[in-house]
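First, the structure itself, so that you have it in front of you.
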Amino acid sequence: MEDPTLQNTEDWTEDSKAQHLYVKAYRIMLTARLLEEKLSVLKRSGKIVGGLFLGRGQEALSVALGVYLRRGDIYAPLIRDQAGRLAFGEGILDVLRTYLGSSLGSMRGRDGNVHRGRPKEGYYAMISHLGVMVSAVSGALMARRLRGEHGVLGATCIGDGGTSTGSFHEGLNVAAVEKLPLVVVVANNQYAYSTPNSRQFACNHLIDRALGYGVAGYRVCGNDLGDCLKVLHQATSAARAGHGPQLVLADLLRLAGHADHDDARYVTDAQKASPLGRDCLLLAREKLLRENNSTEEELNEWYEEINREIESTTTRVLREPAPDPQEERWSSLATNYLHAEE
Amino acid sequence: MEDPTLQNTEDWTEDSKAQHLYVKAYRIMLTARLLEEKLSVLKRSGKIVGGLFLGRGQEALSVALGVYLRRGDIYAPLIRDQAGRLAFGEGILDVLRTYLGSSLGSMRGRDGNVHRGRPKEGYYAMISHLGVMVSAVSGALMARRLRGEHGVLGATCIGDGGTSTGSFHEGLNVAAVEKLPLVVVVANNQYAYSTPNSRQFACNHLIDRALGYGVAGYRVCGNDLGDCLKVLHQATSAARAGHGPQLVLADLLRLAGHADHDDARYVTDAQKASPLGRDCLLLAREKLLRENNSTEEELNEWYEEINREIESTTTRVLREPAPDPQEERWSSLATNYLHAEE
Amino acid sequence: MNSITYLEAIRAAQERALEEDSRVFIYGQDVGAFGGAFKATKNLAHQFPGRVIDAPISEDAMIGMAIGAAIEGMRPIIEMQFADFSLCAFNQIVNHAATLFYRTEVPCPLVVRLPCGGTPGSGPFHSQSLEAIYAHFPGLVVMTPATVEDVYTMLLEAIEIDDPVIFCEHKFLYYHLKAEALPTTALPVGKARITRPGRDATIVTYSAMLHEALVAAEELRKDGYEIEVVDLRSVKPLDTNTILASVARTGRILVVSEAFPWGGVAAEVIAHVSSEGFGLLDAPPQRLNSKDTPVPYHPLLWGTHRPTASTIISALHRLLKL
Amino acid sequence: MNSITYLEAIRAAQERALEEDSRVFIYGQDVGAFGGAFKATKNLAHQFPGRVIDAPISEDAMIGMAIGAAIEGMRPIIEMQFADFSLCAFNQIVNHAATLFYRTEVPCPLVVRLPCGGTPGSGPFHSQSLEAIYAHFPGLVVMTPATVEDVYTMLLEAIEIDDPVIFCEHKFLYYHLKAEALPTTALPVGKARITRPGRDATIVTYSAMLHEALVAAEELRKDGYEIEVVDLRSVKPLDTNTILASVARTGRILVVSEAFPWGGVAAEVIAHVSSEGFGLLDAPPQRLNSKDTPVPYHPLLWGTHRPTASTIISALHRLLKL
């Protein structure tokens, strides 16, 4: 097992590649944040139906996994992974199409919001039931191995609450038995909906589970982009190199309600005031200003640029057609000759 | 966590209470062994239908849990726990009635063989699906706590294979969160049916799971009755004293096939020849002869006595009526007014 | 109280059960201080300290816990956050809870509360109607209350019953459906109710579809038809007597259910009616279910996927011409 | 080959699939060197190294693995040790595998092999017939082969189909049922077969009950009745055309299924026949299922719990008099 107490970030200002990655990751985080802010507005104005789950506070962790994934890898994000999705290559057009129910979106109105993906491109579409994606990604990796493909990576994310599911346990155990190139990122944001860690598990820290599964474990400061990038680099490299599943445990706080309707009053003031409660996006921005010679103007320009793209894409998508029930095939089978007519 | 390397038995020859318990446990082990040998004969002669799973090689571990249970405790044994069942108070009459399908048995022919119990007496009737009994016993303990009862103990057993079920994970995690007085004994007999540990989990030793659940863990030599008694004493005492769930991991070998039809050829010769492969019953007998002033005659007399009881009970049960389908109520509901007539 | 919602009635029934029966406790995700995802346990943790307990995200263990507690004589109520998540506990429900009494003669009195059914935008995983698959398994009682009054009295009865009860609440009714006061009398579980008497055809339905059916029946009155509407209330047991008596009066039956079509409540009712009441039928019995796909996310697709007053009206017109 | 059992045909189909299609692999508990609990994969791990893989006791993960592999273009076959254990993977099957194509337009071609049905002494947890609950969910194909020939050709077709297939094998047929040779032609899945033509009444059935029905039909011949026996082969899709055509000939129908009565195959078939073929019926359609309790352990109870040739005979006599 790797040293679970890694905390201090590399001095990346010395290293232009790391620096470049940091900047790239920041920009994606910013995009995710601004996009989700727009989604909140759209939700409040009734343009989005269904739950809206925000990744606010979790962008650094999410993006840090995404930036190390390559075309051909498998990625199964969860509800708070807008940043990781963008890093993996999702366009904001597809995000908005799905949330706004455009028939041109990848889910064509059949599924919505966070339940989107393009499985053929390695971007899996989560189902709601927590835990199940771990074994699904593992199966994909097993398939690749059976075909003799190497260097592939699979990655998925889950929350502290999701680790209590039997499905998570079975999936991670199987991945460990098969020594698959899998990275599982656990975002411990201290709560599952309103339920605190103390009612979710009894170990001192979820990192203690790694040993029991026989997988490498890493502990990371979830709102420190530098730390996230460093640890995810180690974990993704180790998995790709054939060292079996890597379990990354991040501590952080969700800086929003569980979903749009939740005011998260159960989060204690002490937690909000603690280092966990700091906003990863602000921290990264401060660091860029401090250590990267970035200027306020530059960063504000990004902000404007991204917002312009979000606005224009929203306008475009709002004009797109909704799915037409009359045009629907209303069949759930891929095999045509088995499709019963009504 | 307790020291996981406990191996050496107390010098119980000095301690008459421990000695007394050892003798009692031995006698129960012997009864279980002889009873199961009779069951094998009955199975071969076609008198038993359904699977016959033997506890051969696991009696020391099983009995060591059973002897520490008291009236009012909850016990959910598994397929190889004949010894523990007898220790908890099951009579051989009920065992034979169930296996031979007597209508007078506790399951009245509705269920059979290992799936027997008397839940109202704290003796739970397992279902086949592995893992589910952990949460069931936990729920019973929660109920007792809600009622203000203290000092109660719940106990259940499972195999190495059973630890891979999601149900086991959820159950143990929940018990840990609730800090319930539960002892979970894992009999690692190296195989789940034909599947070796190497295809079942990837940790070095299943004891490594204790930390991840936040429960106390013990490692015990599963064919050493003295060690089993010592460790189970610690574990049951700790649970009863309010220290939360206790996970006991025993290493041993199953000295029989998975069920009656299996010749267990997959067990390696090296394993059979190793210390794991030694027969707990013989080891205990040798120790009694060596250190307890027991004589061969005495121990042989027990053997005869037990066999006589098994034979006469078998004769009696074979004369008992089978269940009568015409007399069956054919309803699965306890609530009479909801029972639909056919 | 001025106007009580379906959801509030659920809360009130639980409050009363906790108050009157010390064996009752509630277990589920976020049911404690938070009051549950839908607020069906609002304030109860505060009113009944230690008896409204937050569970980890472990549906299988939640039911396992309830089984053990039920064996020990308690009356656990398990709240699933959505009915769909109960499928993670399917094995414990159908193989453990449902078989316990048959196998051991020890009752297993637990209630699994399932927020069921579709609402716009809820999609494939937060919309399912699962009554049929639970009803298929021996040993379970499956209730599907359609009114504020029923959800209150039936939940109280569910808690009293000595068997595991699958209590299907409809999320679409949570806030929309209102009553003036909580009822003081109750029709027992196992009895269907003739919500609207009629003469020309019978609609048999339950849960949220009752209200679509009533709208359709009212609409057909304009054309001079009197449609009888039977609310099943529980789908297991199924009150075949009331159904047959209604068909005896009308000669025509349409069964409406929001669930998937294959082998659900509609098929079961029609199988009974055509086997046992063949001679009563003036026309082939008809059924209307959702389409045979997952429940779609988009409100426009969803509105076409499930039966509505308007598709019921069309089905009735067809039935009346057969 | 001299005489091939139903079980051997399953093995042979898997062998052929592994040989001809490099996308096929088998995953399940003890399926590797051991050859499976029933020996349905005997020798295959040896013949196809690395492609017949032992799984931990993790049914949920087994299906999850298969889903991922299927998305990547493989054709996994999952062996459940007994059908009953598939309920531990219920969520992955009905919510993940079954919805995938509808949601994403990416096919999910996997086969779940379920050793189903009762045998004496197997009891509540090793005897279940689960076709109805899988068929209830959109997105699954549910096959229930009753003959050696069908189990062979249908398993091959199941592997080729682009959708998740629940393949219900009947354990009672594993050793008892024999054929001379493996078939070289096949009726496609989705078509029922008229196993025995008749005139006076139709029995619709499938899986092990086909053989009980055939015995019953033969017995009624002594009384001068010609009973037509339809083998459904797959319960989803359901070949209603063949069923209706048969009822058009005979005017009478009895549906026989070993599964629990509420909302199963029998209810679904009767709902179709009475809705769509009402005018063809000379008598009320009838059904015969197991009793509505868990499957009992004792052979005497079990023999009464499930339909048998003799209870089918009684039911036919009743039907013929209606």
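Per-chain numbering from 1; labels A, B, C and D assigned in written order.
Assume contacts are C-beta pairs under 8 Å (C-beta built on N, C-alpha and C of every residue); 3 or more make two chains touch, one makes a residue touch a chain.
Everything numeric here is computed off the predicted structure, so don't read it as measured data.
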| item | value |
| --- | --- |
| Chain whose Cα centroid lies at the greatest distance from that of chain C | B |
| Separation of chain A from chain D, taking each centre as the mean of its C-alpha atoms, in whole Å | 41 |
| Chain A-chain B separation of Cα centroids, rounded to whole Å | 44 |
| Euclidean distance of C-alpha centroids - chain A vs chain C, Å | 36 |
| Numbers and ranges of chain C residues touching at least 2 other chains | 55-56, 58, 60, 84, 87-88, 91, 95, 98-99, 102-103, 124-125, 138-139, 291-294 |
| Shared interface positions of chain B, touching two or more other chains | 107, 110-111, 115, 127, 129, 164-167, 170, 173-174, 177, 199-201, 331-332, 340 |
| Touch-based graph of the chains, sorted into line, ring, star, complete or other | complete |
| Contact footprint of chain A on chain D as seen in their complex | 25, 50-51, 55-56, 58-74, 76, 91-92, 95-96, 98-104, 106-109, 138-139, 141, 161-163, 188-190, 237-238 |
| Interfacial residue positions of chain B with respect to chain D in the complex | 48-51, 101, 107, 109-113, 115, 127-130, 161-162, 164-167, 192-195, 199-201, 266, 322-325, 328, 330-332, 340, 342 |
| Residues of chain D defined as touching chain C within the complex | 84, 87-88, 90-91, 94-95, 98-99, 102-103, 124-125, 132-133, 135-139, 236, 238, 259-260, 262-268, 270-271, 273-276, 278-279, 281, 283-287, 291-294 |
| Touching residues (chain side chain B, partner chain C) in the complex | 74, 106-107, 110-111, 115, 117-120, 124-125, 127, 129, 132-144, 146, 166-167, 170-171, 173-174, 177, 331-335, 337-340 |
| Chain B-facing residues of chain A, complex | 131, 164-170, 173-174, 176-177, 179, 198-204, 208-215, 244 |
